[in-house]
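Shared between the two complexes below is subunit A, which pairs with subunit B and subunit C, respectively.
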Partner chain A sequence: MDWELLLGVGRFLLATTLLLVLTIPTAFIIIQMELKVIASMNLRLGPNRVGPGGMFQSTIHGFKVLAKEDTIPDQADPSTFTLAPWMVYMAAAMSMLVIPFAPGAIAADFNIGIVYFFAVLGLSVVGLLVAGWASYNKYSLLGGLRSAAQMVSYEIPLTLSIVGAVVLAGTLSFSEIIEWQRQHGWLLIWQPIGLGIFYISSLAEVNRTPFDMVEADSELVAGPFTEYSGMRFGFFFFAEYVALFIMSGILVSLFFGGWLAPWPFPAQLGGFAGTLYGIFWFFLKTYIFVFIAVWLRATLPRVRVDQLMGMAWKVLLPLALVNLFVTAIAVVVFDL
Partner chain B sequence: MAFPGLGIAKGMATTFRNFFAPKVTRQYPEQRPEIPDRWRGRLDLIYDPFGEHKCEVCFQCAQVCPVEAIDMSGFDSQGNRIRYGMPEIYDERKDPNAYRRAGLAARPMRNAARWDEEIDTPFVDETVDSFGGRPEALVAIFRAVENRYGYLPERALRRISDRMTIHWAQVFGAAGLGGFRLLPTTGHTITVCDCASCRFTGGDRLLRDIEDELGIRAGESTADGRFTLETRSDIGSGSLSPALRIDTLVYGPLDTDGALHLISERRAAATAHGTAS
Partner chain C sequence: MTKIDPETRIPDPIELDRLEEARLRAAAGLVPARAIGGEYAGFDQVGIPDRPPQTDREREVYSLEEGEMLVNMGPQHPSTHGVMRLVVKVRGEIVVDVDPVLGYLHRGIEKLCENATYTTVLTYVDPMDYLATMHNEHAPAIAFEKLYGIEPPKRAEYIRALVVELNRIFSHGLMMGFLALDMGGITPILYAFINRDEIVDLLSSISGQRMLFNFFRVGGVNFDTNDEFLSRLGTWRGNVLKNIEMNERMITDNEIFRARTMNMGTLTGRDAIALGVTGPNLRASGVPFDVRKAHPYSIYNELDFDVITHESGDSYARYLQRIAEIKQSIHLIDQIIDKMPHGPVQAQVPGIIRPRPGRAYAAIESPRGLYSVYSISDGGPTPYRFRMRDPSFISLQAIPKLMPGRLVADTMAVMASFDPVMGGVDK
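What follows is the complex of A and B.
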């Protein structure tokens, strides 16, 4: 029994380490993708000097950030100032624990995975708020409050849009939801409105264009990150891209069948081969959605802050409630 | 019909098309644009924020023009119209024939007299040859020519250019920089240096005294046309300050008495010359 416990702890440690390590190439790949894809859509070539075809541009950016001077403002509170990037980054990294990469490749297959996911991802708001507050700079503080307002507002339709799917599948575990989708077809068909609300809210939740009010590159100073430099800023930056990856992964798991192939999953494929097959499909679908997010960024202008809030409270929240209501009635009436 | 999301879809379609479209970036050092052999860039006269031409008639553009297509006219620092090109360029094109064709009474060309000025060609050639035709001797050649004419006739400059096979723009540029006279003057020109060094050592007082002596202000000529008084800062004789230039000779350091003595010398010489002839 003790051995079993030790084995579990060891497996958990290994999985978390792997996930933490995974965040680094993930962020690099998405940043590189953003550089190249947006450049292409702007009819530019984009970075093409570092490595073959410029493929190490984002990596070299990462190392550059690592080598930069790390400054802390005089009046800032050093302990919270240094804690904030860690909180934001860990919120993203910890929520990766429940992402179902493939059958058997989930770091922790909780039966309340969805609740855990939204609870932990929501912690990044605290990190941003702390970052803004600890910087001792009114622009940082306002930026932090702005981001908190945005993320708290969008967390509500984001979470509510899932509830329909959860009611339908009757489970809060990611692997069970995917199993349900294998039997009944992807939730995309069952919950199209939920999908739309989830996608819009998730863009706002991870501060992607057209909802990147937190750090509106071309208009504002960097919001709560204003006073940060070097790798502390790098952590915020990383966390943003990791969060994009996670959100795309969750979207895929909940609405697009997760690790399932578009055609029936070959049952004879079990064990390690099945895991690899699942990982392939999961990453393919996830990166398609990452690409769509980048594509959106190349296309859409930023919304105004009042439009942003109005959208969350006046459109998405009522729509999510109606969706939930209709789904609940349908479940009862048709006994799904 | 307005359909929510249609605009977004259109935009997405545009960016997606662009994603596969050929890119416009030119990898400059490796890929260079194909420039036609005869391409010389755009010729343009630009304006400063006050609406004035930025062109200072410095002739640098004419100097680099391989086919000598550029020539120009402008105003010198004293407001005299100067033109160092062929008469038939730009607005100078309104030559007598053009007036006649237009049925108007023919008018003489502006500045035509300068084009017709007579020079002593053998003298200029000799001067150039005596310096061996070396370009670094340009200033000395100018000085010799200026001593003869009191200014640098344009035709003499042309002759120097031809004789030394130096680009005309270079010859004119050197003449314009060295404080030489490019226009004929009557009488003597007294130039009081107003550079900082000369003013500190009493140049102001010197100028005031000379003005009192001649009865004119700087920039004016005496009624009989014998003396013209001016101030310039390009005499370039800081070690002689306060310095004074009469025609082409620089004197200094001078006090008031010395300056007045020089002026009276010139006056006496002119009178003597006048009586002799």
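What follows is the complex of A and C.
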């Protein structure tokens, strides 16, 4: 009996289960933030009935979605229609596998973690496209096609923007990038342009305002989700907020030192205490970026689909290439 | 057309209607109804009327070429300003043609008014353009006064001008919010409602109602100003510029907002005149026509104001035009309060008015343009004929002219910049 292997499998199963469970409160917390933060930015109260200060409103929403009738349109294709929410949700949940929460708290510390992350996150577009096509609804179809166009365009600057960081750190593993940042300072200082491109592209990648073309409610009603109801809609909704959390987490890991505190990591903190300390800083920084995304939603109108494409191909992509070029030359010249 | 098997599926009522009609036609010896035009797309296309096209225009819109499809926006759609329905012919995301379908809020108000006494007509016109209730009452009140041959007291005229300008401010303020909302900005509309709520409370303290004020009377207004109204007016006057500015800061210089409104839905002055567009939409195209200046009514010739225009005629100009007019209305309100005389607010008028036979026309400047009423009296207690010209109905004519070649997303943004109110369009 290969106990090593069994232990590895057991650890993996435990980690994935924990991560899947973690997606639920994450989505609830972000939805609650969206309700309350936008409310206060709009100078209104927001939900204040369920729980103290309305803090269980999003949980109740979750249960409501569970209790609702699940309808499938007459003309829809049932097999793909039911498959689509699962695909979108799994893409989000699977990309959680490589998020470095704290030293030692990574479900799977691949040496190609970054490649894995972008490969898996890109799968969600397939789910959206399938949802748009299977729904037999013109709004869904337009939304699905928009999501395909948008995500494929933004994947390129998104990926290119971090190649500079990867070249600097010389690794594709998240934990090693964070270790590099501990020694050399956060990548935010080294790669400010890369950070800007990454942030804009990541908003587009997770369909947040001002790039929420996919479910543009004033044009396409709800985009690919128009015909969905009940928990199937809930899965899309969850996946969206989990993706926002993941994107913020990746942004923090790549450019803001991940689990590192803004000051040097205390040496006496090791083992479990160190992990907790890391988790604290990771979540704090991540939720700051989630908050900024919510803030943007309260502030900005939506860009148009052609402006969105124009920005990806005419501005972000050349800028990302220049950034990569300059970084590569600097690495060679200054021998970083 | 999809084949319907009555054994397995619940038959489509439209289909049954058509079968029934064909049967009746056959029984009566009539020729069967046939679709005009070979490319008629058929009934299974959402958005197509359940009858053959009646006009050339209808045939043009509802016949599809390869790669085109019809998207039915409304009457239940998040951003159609009530129950407007647009049938949009698209090629991918590009709009090829737009057909506005109206009448989902038709209540027959003009006919109702012909069965109501002159006094009660003023209550029926309230819910027409529900964002400009005071204006709705103003025009019929002037028309009936002309018919009956009385003049309202001076103080009543001043109070009328005051409430009408207050109404104009909140209506224009909401337009700023709705325009941003249709582009996905959710905050400006709520800021706009702060200002609107203050004004609505203010107007309810003088008229007694919050939305459908029912404040105007033939020969005056219902109530004189009271202490609560005046104190609220003072508070509001202190806040209003700050409020408007707060909203303006979110929108006016926003790069995304500018990119989506500048050079978008450009209506030239010539086209605007040809289409009959009036009000802020016309002035944003550079035509200095304002009913308050061109054909002064009420006390507007005693007040000092200019006709504001913007040159470019695009959505952004229409937005700036509204902001400029809000500030102008505040300027007018300051003058009105300054000059308001003492005296009665209601002329001596009998309970049931029986004007001599004749006709009267009254036009006012509503927030959406020239709003006018034409009324004929046959000597009885009710108007013999009562017709209204609603400006948003006319403005909507510009939408199909402006949209072809633009994107689906712009349909809503351009429509919001014309600020139509479906209550007025459908009457």
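Heads up, the rule we're going with is that the second predicted complex is superposed on the first by the 333 of 336 C-alpha atoms of A that agree within 3 Å, B and C clash if a C-alpha of one lies under 4 Å from a C-alpha of the other, contacts with A are read in each partner's own complex, and residues count from 1 in each chain.
The working rule: a residue touches a chain if its C-beta (ideal position, glycine included) is under 8 Å from a C-beta of that chain, and two chains touch if they have at least 3 such contacts.
Please read all numbers here as calculations on a predicted model, not as lab measurements.
**Student:** Which holds for A:Arg304: it touches subunit B only (first), subunit C only (second), both, or neither?
**Tutor:** second
**Student:** Once the two complexes are aligned on chain A, which partner has more residues of subunit A within touching range, subunit B or subunit C?
**Tutor:** The partner with more contacted residues on subunit A is C.
**Student:** Where does A:Glu219 make contact in the superposed view: on subunit B (first), on subunit C (second), on both, or on neither?
**Tutor:** After superposing on A, A:Glu219 lies in contact with subunit C but is clear of subunit B.
**Student:** Looking at the overlay, what does A:Pro73 touch: subunit B (first), subunit C (second), both, or neither?
**Tutor:** Neither partner.
**Student:** Answer with first, second, both or neither: which of subunit B and subunit C does A:Trp295 touch in the superposed model?
**Tutor:** In the superposition, A:Trp295 contacts subunit B only.
**Student:** Quick check for you: in the superposed arrangement, does A:Gly104 touch first (subunit B), second (subunit C), both or neither?
**Tutor:** neither
**Student:** With the two structures laid over each other on chain A, which partner does A:Arg44 touch: subunit B (first), subunit C (second), both, or neither?
**Tutor:** Both partners, subunit B and subunit C.
**Student:** Have a look at where A:Gly122 lands relative to subunit B and subunit C in the superposition and call it first, second, both or neither.
**Tutor:** neither
**Student:** Once the complexes are superposed, what residues of subunit A are shared between the subunit B interface and the subunit C interface?
**Tutor:** On subunit A, the overlap between the subunit B and subunit C contacts is residues 41-44, 298-300.
**Student:** Write out the stretch or stretches of subunit B touching subunit A in their complex.
**Tutor:** Touching subunit A from subunit B are residues 8, 11-12, 14-16, 18-19, 21-25, 27.
**Student:** In their shared complex, at which residues does subunit C touch subunit A?
**Tutor:** For subunit C paired with subunit A, touching residues are 46, 69, 71-72, 77-79, 93, 180-187, 190-191, 194, 250, 254, 256-257, 259-260, 407-412.
**Student:** Enumerate the contact residues on subunit A facing subunit B in the complex.
**Tutor:** Residues in contact with subunit B: 37, 40-45, 48, 295-296, 298-300.
**Student:** Which subunit A residues qualify as touching subunit C in the complex?
**Tutor:** Residues 38, 41-44, 138-139, 142, 146, 209-210, 212-213, 216-221, 297-307.
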